[in-house]
Amino acid sequence: MRPLNAQLPDTNATGGVYYKETGRETEVFRHCFREKLPLLLKGPTGTGKSRYVEFMAAELQLPFLTVACHEETSTVDLLGRYIVKGDTTEWIDGPLTQAVRQGGIIYLDEIAEARPDVLVAIHSLTDHRRMLFLDRHHEVLRAPDDFMLVASFNPGYQRGYKELKPSTRQRFVTLSFDYPGQSIEAEILYGETEIDRAIANKLVGFAARVRGMAELGLAETASTRLLVDAAKLIHSGMPPRLSCTVAIAETLTDDPEVRQSLVDLINMTF
Amino acid sequence: MRPLNAQLPDTNATGGVYYKETGRETEVFRHCFREKLPLLLKGPTGTGKSRYVEFMAAELQLPFLTVACHEETSTVDLLGRYIVKGDTTEWIDGPLTQAVRQGGIIYLDEIAEARPDVLVAIHSLTDHRRMLFLDRHHEVLRAPDDFMLVASFNPGYQRGYKELKPSTRQRFVTLSFDYPGQSIEAEILYGETEIDRAIANKLVGFAARVRGMAELGLAETASTRLLVDAAKLIHSGMPPRLSCTVAIAETLTDDPEVRQSLVDLINMTF
Amino acid sequence: MRPLNAQLPDTNATGGVYYKETGRETEVFRHCFREKLPLLLKGPTGTGKSRYVEFMAAELQLPFLTVACHEETSTVDLLGRYIVKGDTTEWIDGPLTQAVRQGGIIYLDEIAEARPDVLVAIHSLTDHRRMLFLDRHHEVLRAPDDFMLVASFNPGYQRGYKELKPSTRQRFVTLSFDYPGQSIEAEILYGETEIDRAIANKLVGFAARVRGMAELGLAETASTRLLVDAAKLIHSGMPPRLSCTVAIAETLTDDPEVRQSLVDLINMTF
Amino acid sequence: MRPLNAQLPDTNATGGVYYKETGRETEVFRHCFREKLPLLLKGPTGTGKSRYVEFMAAELQLPFLTVACHEETSTVDLLGRYIVKGDTTEWIDGPLTQAVRQGGIIYLDEIAEARPDVLVAIHSLTDHRRMLFLDRHHEVLRAPDDFMLVASFNPGYQRGYKELKPSTRQRFVTLSFDYPGQSIEAEILYGETEIDRAIANKLVGFAARVRGMAELGLAETASTRLLVDAAKLIHSGMPPRLSCTVAIAETLTDDPEVRQSLVDLINMTF
Amino acid sequence: MRPLNAQLPDTNATGGVYYKETGRETEVFRHCFREKLPLLLKGPTGTGKSRYVEFMAAELQLPFLTVACHEETSTVDLLGRYIVKGDTTEWIDGPLTQAVRQGGIIYLDEIAEARPDVLVAIHSLTDHRRMLFLDRHHEVLRAPDDFMLVASFNPGYQRGYKELKPSTRQRFVTLSFDYPGQSIEAEILYGETEIDRAIANKLVGFAARVRGMAELGLAETASTRLLVDAAKLIHSGMPPRLSCTVAIAETLTDDPEVRQSLVDLINMTF
Amino acid sequence: MRPLNAQLPDTNATGGVYYKETGRETEVFRHCFREKLPLLLKGPTGTGKSRYVEFMAAELQLPFLTVACHEETSTVDLLGRYIVKGDTTEWIDGPLTQAVRQGGIIYLDEIAEARPDVLVAIHSLTDHRRMLFLDRHHEVLRAPDDFMLVASFNPGYQRGYKELKPSTRQRFVTLSFDYPGQSIEAEILYGETEIDRAIANKLVGFAARVRGMAELGLAETASTRLLVDAAKLIHSGMPPRLSCTVAIAETLTDDPEVRQSLVDLINMTF
């Protein structure tokens, strides 16, 4: 794996990142990379979107950089800015510029949250031009062959004004993520915490029941991440019921009745 | 083709850009250029508006510059700004100023998204005066004979506050863009990806059916761009059904039922 | 005509501007100028408000300057600002300050769009004081006898929050503009494009019918400006039906049915 | 009259300002001045509020300064600011600070429009403390005995969020302004324009009828100021009907029917 | 009384401030001061909240500083800021920092109006820590034993988004203020203006009637402050009816009918 | 306890902080700390969330830092910023950066109030990466083993737009806080104020009754903090009824009827 930037330690490197394929997602990634098509990952929290990109970057032996977007992420944050240093001003590349200069994968997490200039700035990178215009730096970069832009968003939030416009959506190939099947999920729990397999199976079964209970009205349901947290606490020696209550039930809801339903389910499980 | 700016590499140059005429749009462009009338292109995503301008610039052997407008594009971004350099400040032309100084075509993509000062700043460029007022630089530019302003917008978004005011609309000759006919679209697919003609025809037929299904309630329907993406993935060796699912179905909708309808249609096609 | 500013080329000069009087508007202008009363022009897009001021400035042999106001036009834009130059700051007059210093006519186009500080800053210029307070520059200017402020706004937009307050409205004498009569309008077309008089008459007749069709529900109807554009395209050799479609029908509406009605009317005309 | 500031010419001075008392307003002003009570003038546009303060300042031989407030008027505009000059920063007094330093009358026109910090900054000036805190300049000023703060607002705008809070209102003695009686108004017209007395009477009678017609639904009715404008145009030689139409009818309304009612009334009058 | 700051004259000092106790409020203040509990004063305009704090500061011989909060008051205004002076930047304490450094009482008037960072910045000052964190200045101040924070707000404004959050409210002991009883109020009028006692009684009786008339629908009713203003004008020689009309009736309402009711009541009183 | 920063005195140190466990919360904290899981505390005002973290930091002998978040807390406030010093700019660590550099516990109080960039900036700290990206300083920090992030929020405020997104919530183990049982609460009162135990019991009983009266419609009910305030005033010598009225009743409500109900309850108690 090539370092992305001498100044920036190769912190996103994931030599040994654990990822368990659940469909044909590695095949899709490889073809998109070969055809130079940008990729959009959609799906709920905690279904492994970020790990998947990290894993593919390691598989393809490419530098990898993540930018977590939020409501105030602007082009300046991604492309770069001038910094005043004593008497002169110095241009500092942003992460997107770095990635285009050096190749590799850049992952714009929750891209729909970013400011509109970000969505427009990537237009020229995501069509046949594959260019990045640094207007303020009077520079134009052509992306190298091994550059690939990956983005994610969560359609479940359903906030109209945060939907991506069709003119942006139609620039990406789109891959949908969901919770893994039970045997795969149990294997993930074991792989991450070395917890007893029987307890892993109980946790996964509990999660399946919670995910099936639409009547709970949860904003989002129990992710694999929450199961891993509960498994860690159990593995650390905390009683399973208390571990699941603080890692899962209290995290998923603030409604006393819904909480009680979850705790009842936990008590039935353990 | 003359370079637009020595500092800025001629990155938008489209010596061999592929464009397939679908109406009399080249005739309209040539007359507007001769009569010095600005041109507004309206129509949905992915119908070739940007390519058309790029193509006409190449045809007329004119420099060409694109500015993708967004909610925060302001006059300063288009006209230029002062930059502090050590002890002095230096004026830097923006892209519109560059284009007016040197002639050629400037394309303001999605102009309705820009801030209101942009819409007003082009008034003097789009009437009998053909002038650009750089108030902050105390300079007035008269556009050369070969300068032409082209803009685009997408009336389908139907957001009242983003409609162009009549006082802006009535400054442009307007050309409407829509999806091409099937035989032309198939030829575009073949021209861009060298995919098998039979598959190209299947893709085009599939798109025609999707476009005809108003009951799907899509924000915007399948563009030619999406068909090209699917064709590239198929050409790269990915199975057609998977290629169409990730390039088209998952891109067009997040609704599980609509997605299933599209996948059924894909399965019937391939 | 005196130059307004040595630095600013006399770009708004209209030595030979074409204007066709449609009422007693030149008489009103001359009396307002003599009595030092500011003038407000109201009416729809493309009825010649801007040309009228330009013409009167030429008639009265006065310097002339236009400022197109928009939602972000502020006092600083009109009055002036300090610019940092190396170690010192330098005051730069804005266009309104220039005009008050040197006399002549300043035209604030679409004044209702400007920010509220602009509307208040002209108060002292538009009553018996005829003064401009440059608070930031610690300077007060008394307008010379040949200074006149003219503004425009379009009451048709009907947006409550953009109406001028009575305390501003009642500072102006007000002149209403509307589309010219048919024979005058035909003469304007001929005067601007040297198009065949028969075609000019057809265009004018077509426009009269469009303006009479309230059932079309247009945001604003066909202005003289649109007729001039169509006439130019016809004069350039483009077929009349295509010329009117792109210059008028596509410009006035994005609704397919309304567009078809306009195209039918065009086809009946030519 | 003492000059307010050596740098600022005594531009608001009104040695010979024309003002016609309509009630006991000069008596109220003198008592407020003696008792050091701030005064609030309320009433519609063009009823002479500004002239009244100007006149009283001249009567009391006090310096006089007006600040027209708007939605963006802030404390910095009124109190002062630091300006960077070369290597140092220099404090520049704002108009309120100037007035408190030197005494005299400051008139905050349309104070309800100003930003909230302005309304709070005058609290300490308008109670028993009579002090101005220049926090940024680390200075506290005690108002001299001859300092008086006068403000105006127009309750007719009826916009809830622009009403003055009771905690501000109750700091002022309040004087209500309305249109003058007919004989006084005729005298004002004659005093300002030397128009024929018969025509002055006709104008005043016309205004009285307009003010009585609530059914016109005007945002604000004909002020004395509009009558003065019409009188000036008539005196300049313009026909009375045209003068009243452009100075009064077109200024008061954009509704064609209301406009016609006003023109009919004008035609009946002259 | 110790001066709060050598640079800032002791301007809020109230050696001889007139305050008339109406309940047990001095007892509450002394106990809060001894127990180091912050105090919140709530109640309508003009009931003496500010005077009470001023009086208690004088009684306890403590430095005293008032900050009138408004919608734009921020932490920077209260804690301090860096100022650029030539080549260096200098930290300037804000009023809250001054007060914590030197002890004494700081009064945050209408604290609910301030920006949210202000409400949070005082958290550490109002619990067992009694500390002020100057993050920007990398300094932490521990409040001396004689430091006390007092704040006020007016619950009558009833604007949900301006209510103090419970997590702020529950940090203060709360004292409620209302209009004084008639004999106390008459004594206040006499104490402040030396007006004839009979007239003082009439004014107080009039106020009592106004306060009892809920049917008037006043935003806020006649405060003691308004009575003092009326008393001053009467004492200055203005007729009582006119004095009460401009000081009270015109100040309390802009509604002609309500105003007439108040004037009738005035005429019945005098 | 290690000092967190030589420049910043160890002001949050709580060598002898009083905390009374009410459940198994110390066990949960120890397991989360061992498993490197971030912890979210939820519950109403004044239930001891802040004290709990302070206490655990002392128990674990870890440095401790609190940041009280508000609507304008941004990444810059937490991560750090460049300060201009003379000719150079100097990077200043924010509190989160300090804590990650040196280890220990950072407590982000009311994290849901912070700006969205804060919520996203902690993502990489709260998953398997445990890293902090200082993009502006081109530095990446890996959290030491003894670093732990704790946050709090109050779900009772129920303001949709201030709810934490599931993608943030699911990064934390969650612990719920509520009012303590009566005997524990009485012990807290005695522990903090040395008040007579009989009075402590009365206060606690009073609070239990208030908390049970949902019909009072209080925004938030009587916290332990309010009882402590009342106990302090009683201990200082103020009569119990007056103490409870100003510390509890006036603090909890501005509604006269609700206030009277509370006062009646106080009078029944003492």
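The chains carry the letters A, B, C, D, E and F, assigned in the order they are written, with residues numbered from 1 in each.
The working rule: a contact is a pair of C-beta atoms (placed from the backbone, for glycine too) under 8 Å apart; a residue touches a chain by one contact, two chains touch by 3 or more.
Bear in mind the structure is a predicted one, so any value in this text is a computation, not a measurement.
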Copies chain E and chain F touch via same or different residues, half shared test: different
Per Cα centroids, the chain farthest from chain F: C
Between chain B and chain A, distance of the C-alpha-averaged centres to the nearest whole Å: 31
Interchain centroid distance [CA atoms averaged], chain C/chain E, Å: 53
Multi-partner residues of chain E (each touching 2 or more other chains): 84, 87
Chain A to chain B touching residues, read off their complex: 24, 27-28, 31-32, 34-35, 37, 40, 42, 82, 84, 87-89, 115-117, 119-121, 123-124, 127, 129, 131, 133, 135, 138, 140, 142, 155, 163, 165-167, 169-176
Touch list for chain B against partner chain A, complex: 7-9, 11, 44-46, 66, 68-73, 77, 83-87, 92, 94-95, 109-110, 113, 154, 157, 219-220, 223, 225-226, 229, 232-233, 235-238, 242-243, 246-247, 250-252, 254
